[in-house]
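By written order: A, B, C and D. Residues from 1 in each chain.
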């Protein structure tokens, strides 16, 4: 079903992604918002509503942290709402902003994503323990890496994928990130480096994992008549989709993300896309772990099941390839302040379509891109198609 | 097609209670969902979008939205969480239905507060960490300071707040879903333990466990289903001053802003003339009075006087919190306000039994996110 | 739907979220807490709309301008509210309550919640007393006293 | 684009003002009907599943409703305490990202008697990391009867069935 109103992205801003930021979460949010506003052509007084995305309260260590972050995000005396789908929150944020504006309730919406993971001790990963079932899983002494390792193993097993093929994703994204000013862990590494990095939870190795980060991002959304008036290059939200699978994750075959496919189909239908691999020019799938980029390319229907590693090996997903994937450098290279990392992908598509990314620019004047995030217990897919 | 209305076609709730050790949150929500779908005459497959309300630390689970789809029949469907009270959930679904993409949406809220061993520890974490957590006090101190300031600015006495408690708990006697009905006196409230003066134990709504599910749909769908709906005439949500250091402690800014906007959307100029019943947040006794004034029902300093005169009673001019409110139903951070929505829906449909208000066509529901926030919403329902 | 029928069959599973936190005060907060060490109050002021913040902020919540102006404000203010607090965060009941007050700090639009060292009323002018030994925490403030 | 933020190096982080805060985030979760009965089963040394009459799946861990059919469930089935490894990991990292001396082997184990693909999360033991394979047949190793309390840890781990380690 087509939405009744068109919504555009007209501004975007990011902070640096950092292991330990001096700034508070409220201050990081402000930096991102200020940058997004100044690039949008709107003033703060023109902003009618604010959306906040931020992942577990257990990172920042503030209960109801959406309320705590409100002032830095521009929520003072404004309609302000926080949505939440775990790791999918960053890409969901723009969907939330989209329906606020597409509903006709608001003409403009400021969408902010923040994460300050460094407050959490002894290690931010500790906060993730509490995502497992409290009665049937946590007593086993769980850690976050388990679920990724279990999923990666299953994916590799079903499609007979090698570690080398997965390592290529780390190599590509970390290199792409060298050109990203926000990047936290950009570096030139080889497949050998990745395969020699220590095993964390086999088959996951250190260089296949994104870091924990502090950071924020923001975008400005506007309804059609405002976007056309104030923006020279509005980027349209052509399709949105989201989908949540069962929490009984041990009852599913993890080799394929059905929830991503469902979310993608919803977004493509809205955007009128029939052949995603041909009609989409850039993709920013969620890549907190190297295999995830491949897994998600398949869920996004950008290739057949099990084919993503082959395309990667052929160089198709390089910036100058036929289908550039994570030209930003992704979470593996730029960093992973959870919700902000998702919004970073939206920012990347926005800037790529406007031709504003300098050395990161993919060739051929791309007209359409897809961004996707994932979260929860390998369970939620959030997908957005942007176009000019 | 552009300005399609949105209406409520089904509500379901389990009776609120102090503890609920015989059921898991999943089982509680499943029961509420079954009731709501049955009333709406739909199956979960018919639903296009689901919104769940929760905060991680209240559940003891990070990324709690993982655990919501199954008991709602929402597996592999669009589902997301809103971190706000129940009215934020209704606002979210309302907006989604108005995009034109969705036809039927569901809002879910629940509470298992009884599962938190030391709730004060969780609540303290909502305070800004560097300047507001130094005390080691239960955050009720914020309410104590607010209450004193409110009494100072209005000239009300603690007795006036105690009147609220007496009346709300009495109202709850007639609501089978309420967890904390009681017949008590003003003196009982005044004699209760001081918590953060002038706030006393009975000024605070006792907590409860419960679950509510509400089904909303777009006008064209409601027509084709041949259902009677309770329509959303206006909805608005606002954050006031998020931090304590710049807040006006005598005022509920969020309530003033959201009520004004919601009434404007509904085209209501005179709330006293056009609204027949009101449900508002009374999680602390003084909040009821503050919110009565903030919605524009009366001037500042009048609410307590009108309350004593019976203006807000069942047989008064405009009944307030016939459900019993937070003080009577029990405090459930996201869910209580949806029990209040349920009350207004039943009233407007003429299904409220003994406590049925005559000729009610418009009702207003107002919410607050609780300490230490300054966020809240207003919903106007009509038939 | 089946439910538990005997209370002897009721099962509860206990657990916790076992993390702790190191909070840092950020750019404006670092300035504020550093100045507390010297027994001074630092506020910040929006050059666009004039709103003055204590604790200071690097942005104005009203107009979202960036704030760069910091200034020292007097250790004094006016009581806007007060309370005797009996209940602690870990839900213990104090025999002897602690008196706290909401104090609007002079020459700012900001308020702090502080311990009151003596009985106060709304409207009282008060001064802020610092601890002898200070380490850059809000607890460096001993409390308030009437002027 | 202006990209801001100050990344504190480790020694800079040592110098800035910090407030340490230890919350007591304690919970006592109600297990309810389905999980409660499952825990009671574990205490008896049994793995209980539940069957949906509508879709005919036998599910574990049990739940009071079918998440696909949206109907209540109450038909209990005693499952075997054997199963098959669906996927596994060899984890060298503790929850707070410290290096483990001896790796842990978490796995999703499809339980015999439950429908195909229906498994639970548990640990593998009495097996060398390099011997573990997807598809390996395993059996629960239980705590002694008097030590069982009605917890998922009443099963210590699953070990390979005889003949699986060739």
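Methods note: contacts are C-beta pairs under 8 Å (C-beta built on N, C-alpha and C of every residue); 3 or more make two chains touch, one makes a residue touch a chain.
Just so we're clear, the structure is a prediction, and the values are computed from it rather than from any experiment.
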Chain pair, A-C or B-C, that carries the greater number of C-beta contacts: B-C
Reference chain C; chain at largest CA-centroid distance: D
Computed distance of Cα centres, chain D from chain B, in Å: 37
Chain B-chain C separation of Cα centroids, rounded to whole Å: 28
Geometric centre distance via CA averages, chain B-chain A, whole Å: 33
Sequence positions of chain D contacting 2 or more other chains: 6, 13, 16, 19, 21, 23-33, 35-36, 39, 63-65, 67, 72, 151
Shared-contact residues (touching 2 or more other chains) in chain B: 21-23, 27, 30, 34, 57, 60, 62, 69-70, 75, 117-118, 121-125, 129-130, 241-243
Chain C residues counted as touching two or more neighbouring chains: 1, 3-4, 10, 12-18, 20-25, 27, 29-30, 33, 61, 90, 137
Chain-level touch network, classified as line, ring, star, complete or other: complete
Touching residues (chain side chain A, partner chain B) in the complex: 1-5, 55-58, 61-64, 66-68, 70-71, 75-87, 92, 96, 98-100, 102-105, 127-131, 133-134, 241-248, 258-259, 262-263, 266, 270, 375-377, 379-380
Partner chain B, residues of chain D touching it in the complex: 19, 21, 23-36, 63-65, 67-68, 70, 72
Complex contacts: residues of chain A adjacent to chain C: 22-24, 26-27, 30, 33-34, 37, 44-45, 58, 61, 71-72, 74, 76, 118-122, 126-127, 129-130, 134-135, 138-139
Of all residues in chain D, those that touch chain A in their complex: 1-8, 12-13, 16, 21, 23, 27, 29, 31, 35, 38-39, 59, 61, 63, 67, 86-97, 103-104, 106-108, 117-123, 129, 134, 151-153
Residue numbers on chain B that touch chain A, as the complex places them: 1-3, 55-58, 60-63, 65-70, 74-84, 88, 91-92, 94-96, 98-102, 122-123, 125-126, 128-129, 236-243, 253, 257, 369, 372-375
